[in-house]
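One chain, chain A, appears in both complexes that follow, with chain B as partner in the first and chain C in the second.
Right after this comes the complex of A and B.
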């Protein structure tokens, strides 16, 4: 059976991550620390607030954190910088020699790597959640959260490629990873559920794509079986893939590589 | 001492040479810090106090933490890279000099972006820390002690690479862990985690205790903080010195 190049890139990504257990252990170890910190914070906060904050109890908030942080930690934090470096140095020209889409091939590989991290993070999170507060608040929410987690990782990766494509035009674009990360933190709902933001800010967050990367799977995991959120994610994923492909197509036409 | 000061001066000049890049990186770090301030403001809009911590106290903690980070990770940027440099066999250049290699390594590199923290911390203290002469003096004392603890801890876990091998993964994890634990009020943690913050991962000495001192000066707390600073600084130097006996050159003459 012949493998398509994209499927080969995806499975190679899985193998590559599995072949670097120390790096994976550091990432998942950090995820464990985050869980300890946020579980402590939200336990103290809900206790100080009579047990509920904007409709979330401690149990809901802990499962929210597990899903939100697990989905974000699955992707490389500095992917935008890495892509920017490849564009800036001209290394990306080597990828352009292959008879496949540069961005499609790279995203397939990144998705393979991210899936391994996602599975490890959510497995650890599940154990942490079960021991700390018991099962997720609703089975239906859990069932919806699992595909949403995969879509969240897909949206995150494609959005990072769209951001990184700016490096074809702007020299310092690779620094944008830092700002992107902060947008995910706040407008993506990674640090706080959108319900805890002021109304106007939550409204802006819902108009932008960042909430598909953390809030959507987290909201579902916290017991709110809002299936329409999956459709919103899918819609954004299509838009983001189209944007990344278009940005790279335009960028590749103006790429000038000096030396070799 | 003169060599160390000259090296440090050169590192600062090097960071300052590309002005555009300097201000861009500093601005990005300031924006990053502002997002955290915004997070805490939004958090305390919904939750008035958490175990004795309110918005102004957490902002004071954040001012101290960013100042500590500016010193330890901005001015002494190699503190967090000892593990990588050791694993890569990149200490050769430092070993050939007539100064202590650790002192040279620490001042050899300045991280421009993290200098943004060094601007942000004191500004936040002035704006939200209710500065008086006494509180400012304690803020400086606490930040310096916190920086000594952080640098000592980072050097110690980096130097472990010389004993256990690898490429410094434990140093990366330790770095990320101590920073995130130091970013939150120490009193939200309980039991074993709190014990950890005062021992193996000394995050409490980086931000929690200095914040307590600024709000409520106690000689015993100050003595504990100073002792921790001396202990962790000594631990870092001792582990690095011991580890050097096991160092293998990578035959790479780098700038370290």
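Right after this comes the complex of A and C.
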């Protein structure tokens, strides 16, 4: 029996990430620093607000941060730039010479890499959370948060591919990673729960796909077993995959590669 | 049967200069066909349209006008089907994963081409022996020298037994020994597996050793298409004579002959064969001078190709 190319790319991504432990350690080390900083911040903020902010106590907020930051740190921060470079330089042509979907194969490999980082980040986060504030607020929330974390990584990757596809049309599209990152910070709920944003901004954030990448798993992890959020995530994932595939299909038709 | 059929293929690129968009025609209506098992050199100066042609034939670029088939497939609309049957090797772009060993890359490619495990293992071993590269397969790709990497690239391009092999400047950057070895491998693949070879290169020796037929493209148009041996014959307007005299000639003056260089009794002469036959020059030399040894040579292929490039465009 032969494995499908996409499964092979996924497992190869896992193997490649495990084969570079130093790189993994640096990223997880950075995650640990973020946890320490945010735990101090939220402790001070909740204490200053009588122990609760918009329904979140310190314990809920710490588990929120662990899930939100863990999901975002699992994906490459500048993937858009990397893909944009490959499109701009014409290196994407090598991928096009293989009998597989360019986006599908690359995303499978990225997903493999991200899964390793996600498992490491969430494991470290779990230890940090257990030691700092005890178990997550709800077992049901935790159970919902685990598949949501995988979906969050998938949504993040596909959204980055959709953004990066702009490089087929616009010369400097790769620099959109900077804008994308800020959108994840704010509208994705990575820095703070959407409930803490002004009502109109939170309303906008809920209409856009960014909240699927951090807010959804973090909201679930913080004890809010809102299972319908998984359906929202899945729906967005389908839309984003379709968008990335369509953008690449259109982009490949107008690819410009000159020289050798 | 033709492996490649090209009819009036045109490619224009939009370029921006001083805020104005303009169109540049990289390929201007080329037509040719390549038979199954042929070894073709597709050559031309920088910017002639070679790489653009190869990218259209492999389905990476869509032409602006015209038609082409490779193994019966239209490359740009049936790319995913076509690439199962062709191999590609770009001298300036690697298809190997730098973080993996070559063998790990081959296995990933085996999955991509959905090869059976047993077939894949057998192919990797066979190609390792054929291309004398087995010892390189377990070294991380990033640690291989350019010459070693190119042997692994060639293995990767052959894993799925392609019927047509597109090579875009495959020997660029290789040293002389590695270049020669690489050329021998291409010829071996063609002879043993009847793989059609479509080669672009700036290196005249690649053409001499690998190709039987040559197409010259310049300014997007085909300006020459013939056998390598016919090209030599039809374009030769000069012959080189290497002569050793028994005693130094006082003054060497022969009509339509120039002295290229001389040292001691040895002379290198150029005969303009469009003005006078080589035979009459040889007769005059043998009659009027005391010749110890003489040999007649063709000028290097490089000169012939330069002559084609520099010929006025029709």
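Definition applied: the second predicted complex is superposed on the first by the 260 of 260 C-alpha atoms of A that agree within 3 Å, B and C clash if a C-alpha of one lies under 4 Å from a C-alpha of the other, contacts with A are read in each partner's own complex, and residues count from 1 in each chain.
Keep in mind that, in the parts below, a contact is a pair of C-beta atoms (placed from the backbone, for glycine too) under 8 Å apart; a residue touches a chain by one contact, two chains touch by 3 or more.
Since this is a predicted model, take the numbers as computed values, not measurements.
Chemist: Considering only touches as defined above, state whether A:12 meets chain B (first), chain C (second), both or neither.
Modeler: In the superposed model, A:12 contacts chain C only, not chain B.
Chemist: Quick check on the superposed pair: does A:37 touch chain B, chain C, both, or neither? Answer first, second, both or neither.
Modeler: first
Chemist: Where does A:179 make contact in the superposed view: on chain B (first), on chain C (second), on both, or on neither?
Modeler: In the superposed model, A:179 contacts chain B only, not chain C.
Chemist: With both complexes overlaid on chain A, does A:4 touch chain B (first), chain C (second), both or neither?
Modeler: second
Chemist: Once chain A of both complexes is superposed, is A:130 in touch with chain B (first), chain C (second), both, or neither?
Modeler: Touch status of A:130: no partner.
Chemist: Looking at the overlay, does A:48 come into contact with chain B only (first), chain C only (second), both, or neither?
Modeler: So A:48 only meets chain B here.
Chemist: Who does A:96 touch here: chain B (first), chain C (second), both, or neither?
Modeler: second
Chemist: Quick check on the superposed pair: does A:197 touch chain B, chain C, both, or neither? Answer first, second, both or neither.
Modeler: first
Chemist: By the touch definition at the top of the document, which applies to A:246: first (chain B), second (chain C), both, or neither?
Modeler: Neither partner.
Chemist: Give me the intersection of chain A's contacts with chain B and its contacts with chain C, in residue numbers.
Modeler: Common interface on chain A, chain B vs chain C: nothing in common.
Chemist: Which residues of chain B touch chain A once you look at their complex with the stated criterion?
Modeler: 21, 24-25, 28-29, 31-32, 35, 38-39, 42-43, 45-51, 166-167, 169, 172-173, 176-177, 180-181, 183-184, 187-190, 193
Chemist: So in the complex, which bits of chain C are touching chain A?
Modeler: Of all residues in chain C, those touching chain A are 13, 26, 51-52, 55, 58-62, 76, 79-81, 83-84, 88, 90-95, 99-100, 104, 107-117, 168-169, 172.
Chemist: Touching chain C in the complex: which residues of chain A?
Modeler: Those in contact with chain C are residues 2-5, 7-9, 12, 16, 19-20, 90-91, 93-94, 96-100, 105, 253-260.
Chemist: Report the residues of chain A in contact with chain B in the complex, numbered from low to high.
Modeler: 22-23, 25-26, 29-30, 33-34, 36-37, 40-41, 43-45, 48-49, 53-54, 172, 175, 178-179, 182, 185-186, 191-192, 196-198, 201
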